[in-house]
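Have a look at these structures, which come just after this line.
In what comes next, chain A is part of two complexes: it sits with chain B in the first one and with chain C in the second one.
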Partner chain A sequence: MSALASEMGRHRGSRSGLGLLAAALVAAPVVVGIAYSVLGALGVVGPGADGISLRHILAVLANSATWRGLLWTLWIALASTLAATILAMTAAAVFRAERGVDRFARVVAVLPLAVPHVVAALCGLLVLSQSGLLARLAFAANLQVSPADMPALTHDRYGVGLILSLTWKEFPFLALIAFSVIARAGAAMEETARSLGAGALQTFQVAVLPNLWRGLLPSMTAVFAFVAGNFEAAALLAPSSPLALPLLTMERFTDSALSVRPEAFALVLLGMAVSLCGVAAHEWAAHKAEA
Partner chain B sequence: MWRGDPSINAYVDRWVAPRLLRHYGITLRTIDGQGPAIVNQLVVEREARARGSADLVWLNGETFNNLRKESLLYGPWAHRLPAAKYVDSLSTIIMRDFEQPTNGFESPWGRVQFTLIYDSARLPAPPRTVAGLRDWIRDNPGRFTHDQQFTGTTFLKSVLYAENGGAQSFQGGFSKKAYDRGSRRLWAWLEGVHPYFWRRGATYPAGVADLHRLFANGEVDFTMSYNENEVITKVRQGVLPATSRALVLRDGSIANTHFVGIPYNSPNPAGAMVVANFLLSAEAQLEKLRPEVWADGTVLDVRKLPPEAARRFGAIDADPRGVPRDTLRRYEVPEVAPEYTERIARDWKARIRANTK
Partner chain C sequence: MNASRSLPRVGLAVVVVAATLLPLAFLVALSLGSEWFYPGLLPRQWTGANWDLLGRGGTKMAGSLWMSVALAVGTGVISSIGGLFAGREIARLDGSRRRIGVALAFLPVVVPPLALSIGLQYSLLRLGFGGRFAGVLFAHIVPALGYTTLFFTGIFAVFDWRVEDEARSLGASARDVILRVMLPLLHRPLVEAFALGFLVSWAQVPSTLLIGQGLVNTLPLELMSYVSAGQDNLAATAGLILTIPPLALLGAAGLAVRRLRVVVP
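Coming up: the complex of A and B.
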């Protein structure tokens, strides 16, 4: 018995050893990047390096534009992730049967995955801008609107157009995960709840939602981290003030004064910290879900 | 080189490159990159002691200044080119790059002048001075803006000159006193008008391409360009409405030259010099000047050329959409030290752009 247990233990140990190696290989370039950014932020390496000093990092932290950009980016990331998650959960719940219409809906929901983010953002710009498709449709419908009469959905301070475009792109990704979570969970728990007299909504709340939530958590974290760091969509749709963190970072990196480069590295590390907070939040939520 | 304009790309890829191959056996490969990206690249290459990835770079102004400061340019070499004797060496616009002597570290390629662009169908009588523009903006709220990059900064510099009695107040190297005094008037001008800008000045288009789009879509009534002839090429491409016209502000139209330089670690500087020499040839300069190609001004002194070549320069049709050459010359003003440009760009971002109400 103990021989079998230790055999299994060793097998699990070598499996987790292999897993660790794979993770290390994937993480290695990231670790190198972080190390270079740390040295760059301290002024040791990179363009604009002029000797080790904390002043670049302090300059970044003391600048109000940094915090406004960070908060604005957090707003966009949270709003897009939440919206995409709610839509994905709804789609997974509504179309979880195996009828033709459900299968068709599941395929359609996943189609935007094929569209690159920058194309989705560009479409957002072409459709939602004040002289875009919506405006032209309104004009064609004899609404006599000029661009200035249309609501400002792009380059606006709440990032409505940006959130819409990002949600449209992240929803299929989360929906795909949600569909597979529901499929794997199977109908057993639902049937049990139903046979115990639960109504449709209660069944969903008790039997489907917890599983779905737990299954989606890692993907939600990934989406949050991705959106928070996304440059192309922000470059096309975000306003110039408050300036989103990725745009602020790029501005520092391409500033004509070389001496400002270390600040760009500091901002990169700040962006990384945001993603790490997302991961930490995931760990905490996953723990709570386990308990 | 900057790859953001299809007409420039077409000239380089489909006219210059085949001729370099045919006449000199040189294969020209262009890589996207401009300004600070080039500086970043060269600094990183030096750090890594890597082999150079570029032989020739397209640059001017602050980029040239930064590369020289960091000793990232090979040279001097430009005065050794056979074609250099035809360059208009009397023009301070050409021989100095943002007031800095080029000292043979870069070879001139073309010259341009800043203009506004308006639609004569929408606006038959546009304002022609900075003061007139201010009044127009106030009377037409939400119909004017400028971009956040190079072209927008040049517009701000034009206002700076206009509000301070001309470029003379800023010539002779960078002066902090002159900057502080001059910029105060610039910020006052901007604070008076930016609430009447597009979107009430809460946001600005990222680059000049975005501004062209707003103009073409009818969201604003003005766009602008660093190249006085861009209106011609863009109308031919169908990007701007056919009734677009260029407008030179009577307070002064900033003129400057763009150059090519050789990075310190170029693997083939000799080849790069042959390319630079070809770019300076009358044939290449003439082709570049044509409105259906690039409409980029020549750096050659036409009077120094053999008469046949000189005649062909004179025969280029003036497109009615463009600004007549003598008007351009009359109002041309030079660039001043690059520190002014850097400061204006930075302070604008901190004071005006961040100031959302």
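Coming up: the complex of A and C.
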């Protein structure tokens, strides 16, 4: 086996220049885009460019709308990621048998994986709005009379509709990973824990949860970063105040006053910083979990 | 397992099935219903009029659907071939160079689509691609290529390169090695990479909006304009059409995994 590995490995490193060139070509448009955003935020290039300075970046950082939008976006990303993770862990822990109800539930649970984010947001809008499916079911159950009796769950201040829609959309992805983690971890550790006298809850805490946590961490980071930067779901479900960071960025970028365009570039950099913070948090948590 | 233990499990399964399928069933009912006013649980009339729009040439829904299909197929083809060659070369790197290569390929995946589109817009407009199919296609290919490159880097990490050496020693040219050895061996990963690229493009919104400048209209954008106009029936129809290809690919992937399942002693 090791001979095969070394034989296969012999072919590596033979054309390192070409390999790095290929990687650079893949990344080049993004690097160009990031460089353009940095220069745009500094007022060097683009419409609204008025000479190099930190003026536009400072203006964005001094604007309360930026911080309200950022905090609101972080709240949405954190809440939906955590909710989807908890649900995925629960589903993976409960539906474990190879056949019957468990298998059926696992198959159905991953179906929304195929639903694009814009369609998930549409589902949220149609189900949760004041004359949506939920309101109609409440009426049928004699729980409400008119749409006004239904609490506002879309375009609401706390983003309940957006959180629920994104949780619905992200749950299958995390559940798929969680199902796979449980299947790979096998029952050996659990049997060992039980044989040492652990109860059901203790077995879950000691043998199942750590595996699930380690297995889900990279996917949770990806979900957090993706949700924080998602434009289309926020466009359909988020309120106009506070304005979510992606919507605020788009508003500034498409503003007819070109002088605010550099602020859009500064907001782009802020959005990228959120994604990078997510990756850094993942590295920290992964390191801690391994220690 | 006794009944008292399985009852909560079955209850939870019912909740999962209802929470997953009810919103989709509501979309189906909306796309087939008309005169559906609150608080009715079902439409007063059923109609296929919303779906008929797809068959009629010149409608915005049909036009945006074909534009989405063309962009997704183009993105799938180009990003799968590009990802194959980029992933192949990155997988041949060693140590820190390999880490740098993978990190670079990761960039298009981690940068938020909106940030990427805003950064790219100026360059594409300057090159004359603003509001044009080619510009939007390029904007879709950028993130898709990141995904397919990472995908093929993983595939080639466990690829047995001796097969190519063997072909060369038997007199095969570089072209023959690619066309007669590598491509047949990687037929399946290529199809999967095509599906990956197709799906990345299929769901794009910010890049189409900013680079297409309203002149390149795809189905996700059409869906959003239906929502803005309060045309829920058309939005639901567009939503279902957008869900069908990914659902088919998910089903195909599930079947393939089941066929591949091996028994480990």
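List of remarks:
In the analysis below, the second predicted complex is superposed on the first by the 252 of 291 C-alpha atoms of A that agree within 3 Å, B and C clash if a C-alpha of one lies under 4 Å from a C-alpha of the other, contacts with A are read in each partner's own complex, and residues count from 1 in each chain.
We take it that a residue touches a chain if its C-beta (ideal position, glycine included) is under 8 Å from a C-beta of that chain, and two chains touch if they have at least 3 such contacts.
What you see is a predicted model; the values in this text were computed from it and never measured.
By the touch criterion defined above, A:A141 lies against neither chain B nor chain C after alignment on the C-alpha atoms of chain A.
Legend: residue contacts after superposition of the two complexes on their common chain; A:V45 is shown touching both chain B and chain C.
When the two complexes are overlaid on their common chain A, residue A:A65 makes contact with chain B while staying clear of chain C.
When the two structures are aligned on the shared chain, A:V268 is found in touch with chain C, with no touch to chain B. Contacts of A:A235 after superposition: both chain B and chain C are touched.
Once the two complexes are overlaid on the shared chain, A:S256 sits against chain B while remaining clear of chain C. Once the two complexes are laid over each other on the shared chain, residue contacts for A:A152 go to chain B alone; chain C is not touched. With both complexes superposed, C is the one of chain B and chain C in contact with more chain A residues. In the superposition on chain A, contact of A:L122 is made with chain C only, not with chain B. Residues 45-46, 131, 147, 235, 253 of chain A lie at the contact with chain B in one complex and at the contact with chain C in the other.
Partner chain C is touched in their complex by these residues of chain A: 4, 7-8, 10-16, 18-27, 29-37, 40, 45-46, 90-91, 94-95, 101-102, 104-105, 107-119, 122-127, 131, 133, 135-137, 139-140, 147, 168, 225-226, 228-232, 235-236, 246, 249-250, 253, 264-265, 268, 271-272, 275-276, 279. Chain A contributes residues 45-48, 65, 129-131, 146-148, 152, 155-157, 235, 239-242, 251, 253-258, 261 to its touches with chain B in the complex. Partner chain A is touched in their complex by these residues of chain B: 35-37, 39-40, 43-44, 47, 62-63, 66, 70, 142, 148, 199, 202-204, 206, 214, 217-219, 338, 341-342, 345-346, 349-350, 353-356. Those residues of chain C that touch chain A in the shared complex are 6, 9-10, 12-13, 16-17, 19-24, 26-27, 30, 38-41, 82, 85-86, 89-94, 97-98, 100-102, 104-105, 107-108, 110-116, 118-120, 122-123, 138, 142, 145-146, 149, 159-162, 202-203, 205-206, 210, 220, 223-224, 227, 232, 235-236, 239, 242-243, 246-247, 249-250, 254.
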